[in-house]
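Next up: the structures, one after another.
After this come two complexes, each holding subunit A, first together with subunit B and then together with subunit C.
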Partner chain A sequence: RYVRQLQRLQLLFSPTSADARGARQFVEEAALDFARRHPDVVLYVRPRAGLAPVLVAEYLNGTVREELIASKTSEEIVQLATKLAGQSGLDIIRIRKPFHTDNPSIQGQWHPLTNKPSALTVQGPRLQPQ
Partner chain B sequence: VAKTSLTSPPWPEVKLPDPVEEAKYHAEVVQKVNEMIATGQYGRLFAVVHFASKQWKITSEDLIMMDNVLEAECGDRIRMEKVLLVGADDFTLIGRPLLGKDLVRVEATVVEKTESWPKINMRFWKRHGYQRKKIIVNPQTVLRINTIEIFPCLS
Partner chain C sequence: MAAGLLLRVSGRLLAGAAAGAGLRLRLSTAPSRDKKRWLRAYLEQQRLEAPPQRRSEKPNWDYHAEIQAFSHRLHENFSLDLLKTAFVNSCYIESEEAKRRELGVDQETVALNLQDNSKLAEQGTSFSRSYLRQCFEGAYPDLPAEGIGALVDFLTSQELVSYVAQNLSIQDLTLCREFPVPPEVLQRTFFAVIGALLNSSGPEKTGIFVRDFFIPQLIGKDLFEIWEVVNPMGLLVEELTKRNMSSPEPRITRQLGVSTVLPLYFVGLYCDKKIIAEGPGETLLAAEEEAARVALRKLYGYTENRRPWDYSKPKQGLAAEKALSSN
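Let's look at the complex of A and B:
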């Protein structure tokens, strides 16, 4: 059971500016292939004039990531989109441990008294086995 | 000959049991463990797996992250071979160095493929006017271990 963490991809670009050429080529050629390969991601294409072309990705835990796609070829945009599709919405900061378990010990956690004989069988000056 | 402090070694002398009796005892233990596995009397299983040049101690439903790219897409099930050790509450199966594939089965799913946080690689010499700055971003994959299963085929 695998749920993709990417909710939607919004592609905002303007139909006339020169740096949105890669975005326009991507929309014409590769957007359908991308949408068919990732059927659980919703792709919105919104033409918008005056601002730089941007690819906005929203994830299931609410994080929004914006990536500039100005002056990029359509293959680069495809690679970027697949990378975003594979990510989850967690922040990209330093993680301390590369593993995470909910049940770290099964046979009982080691403490200094494991594998030692108990005090009842030790013959001391005062302790005697009953 | 007189006995000095160096005639016998300082560790206590251990007498090994008879090899025939030993073999019988081993066979009995193996049969008991087989029966236990067959009836399913184990609770949680943990395993030590060699993966991506590192050894991990894993149980079911836990996350592992590695600093490389796997050739599987997100959501693919992967079967991990190279299992070194499998254990439960009462017994452990130790391999030399690996356990057989028909004994253990470890399944995992690729959860996400991200990049690491941008690491800064900077070189600087003082009084020489030399500094180079490079940002390194590694691709990472996150796996979630689904199940660890054992089958009663010991010998």
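Let's look at the complex of A and C:
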């Protein structure tokens, strides 16, 4: 079953500074909706003075991601939060190959003995009993 | 820090003015009073070397909210009291009572109304084991009892269960004396959570839960990685006699590089002149053993190209078995 990998979101913002305006609007308008739509994510809202507004996301595998939300509007913060809620906690690094397959070979991978005849007579259309 | 900058600037201005006016140069090389250069690196090192701390001791933690989110995350309806009991371990109760005795608090006024999770853990373990056993008996009817036992033991082993529990954030929610939580405590807590689910939602939902979280751990695993078989040839001979087939004759099918340091032999096992399995190996004995293992995999239906597990329909007929197991 699908288990959302985002465990908790901590919204830390300043109650007075100008760049936290979007964060304050988000808390007033959209935070409750977000929390209702995502009941498996715990949303902590904590005002703290003096530092930049930040959204901290913690995932089930222990990764902690901090995103700056300074001078972002309320809708942008909602979009960012939904994006974080859909991610898994794996590190965001370059993916080395853009393909993966669980069945690398259907009829069996070739090895040097694939099409060689065996030492014993094996039943086949070519070998006729004499 | 701004005051320090101003002092430095005014110092330089003064020095410049003095040098311009007279010939006196006053270089102020006294150390400034702002934060030192090494401070940031030192604080970072302290932060990295600090011992790991429970999430409940860090800021922003609400236990009740976390437990509700836990039950929503697993898409299950838990009764929250049972779930909270499931996370309480006996070592935690002992440590709390010891702390209260040390602080001199009266036992009766502040009684710890916490119950253990041992009963729930036992229920959870027995239920999961019997459920998994039935699943495997249904899916691989030819697999003997030891094989099924080995599979069930592997799935309920400490490492696997503690790995699953850690990735479901059970480590944050357990109440335990030590941190990081040792794997056996994680295993017990996870089974206690399953026991709580059993008591809240009934055996069918719990069965689906166990199926969804345990059976995918078998993906990519080979039967003989999990089940250690010492003598595959003997086991194969027993299986064939049970099915009334003649004993296998090994023959070399292919060989490659016999006189080199890395020879490769393919040994085929023939029953009544019909081939049942072929296996490679470095020496003839190793190849014969591998061929016996391949034959056993084919007989038990646990090959790599078997149909993947069917997650669609919930297993029926489990209610009677559950009654048997819990009694």
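Keep this in mind: the second predicted complex is superposed on the first by the 104 of 130 C-alpha atoms of A that agree within 3 Å, B and C clash if a C-alpha of one lies under 4 Å from a C-alpha of the other, contacts with A are read in each partner's own complex, and residues count from 1 in each chain.
The criterion applied here is as follows: a contact is a pair of C-beta atoms (placed from the backbone, for glycine too) under 8 Å apart; a residue touches a chain by one contact, two chains touch by 3 or more.
All of these numbers come straight from a predicted model, not from anything done at the bench.
May I ask you to decide whether A:R46 touches subunit B, subunit C, both, or neither, giving the answer as first, second, both or neither?
second
Touch test for A:R4: subunit B only (first), subunit C only (second), both, or neither?
Touch status of A:R4: both partners.
Applying the touch criterion given at the start, work out whether A:V27 contacts subunit B, subunit C, both or neither, answering first, second, both or neither.
Neither: A:V27 stays clear of subunit B and subunit C.
Determine, under the contact definition given at the top, whether A:Q87 touches first (subunit B), second (subunit C), both, or neither.
So A:Q87 only meets subunit B here.
After the superposition on A, what does A:I77 contact: first (subunit B), second (subunit C), both or neither?
neither
Residues on subunit A in contact with subunit B in one complex and with subunit C in the other?
On subunit A, the overlap between the subunit B and subunit C contacts is residues 2, 4.
Using the touch definition up top, name the residues of subunit A that touch subunit C in the complex.
My answer: residues 1-4, 7-8, 10, 39-42, 44, 46, 60-61, 112-113, 116, 118-120, 122.
For a test of understanding, state which residues of subunit C touch subunit A in their complex under the given definition.
59-60, 62, 65-66, 68-70, 72-75, 167-169, 172, 212, 251-256, 264, 266, 268, 275
Quick one: in the complex, what on subunit A touches subunit B?
Subunit A reaches subunit B through residues 2, 4-5, 83, 85-88, 92-95, 98-103, 106-107.
Using the touch definition from the top, list the residues of subunit B that touch subunit A in their complex.
Counting only subunit B, the residues touching subunit A are 43-46, 56, 58-59, 61-67, 74-75, 87-89, 109, 111-118, 142.
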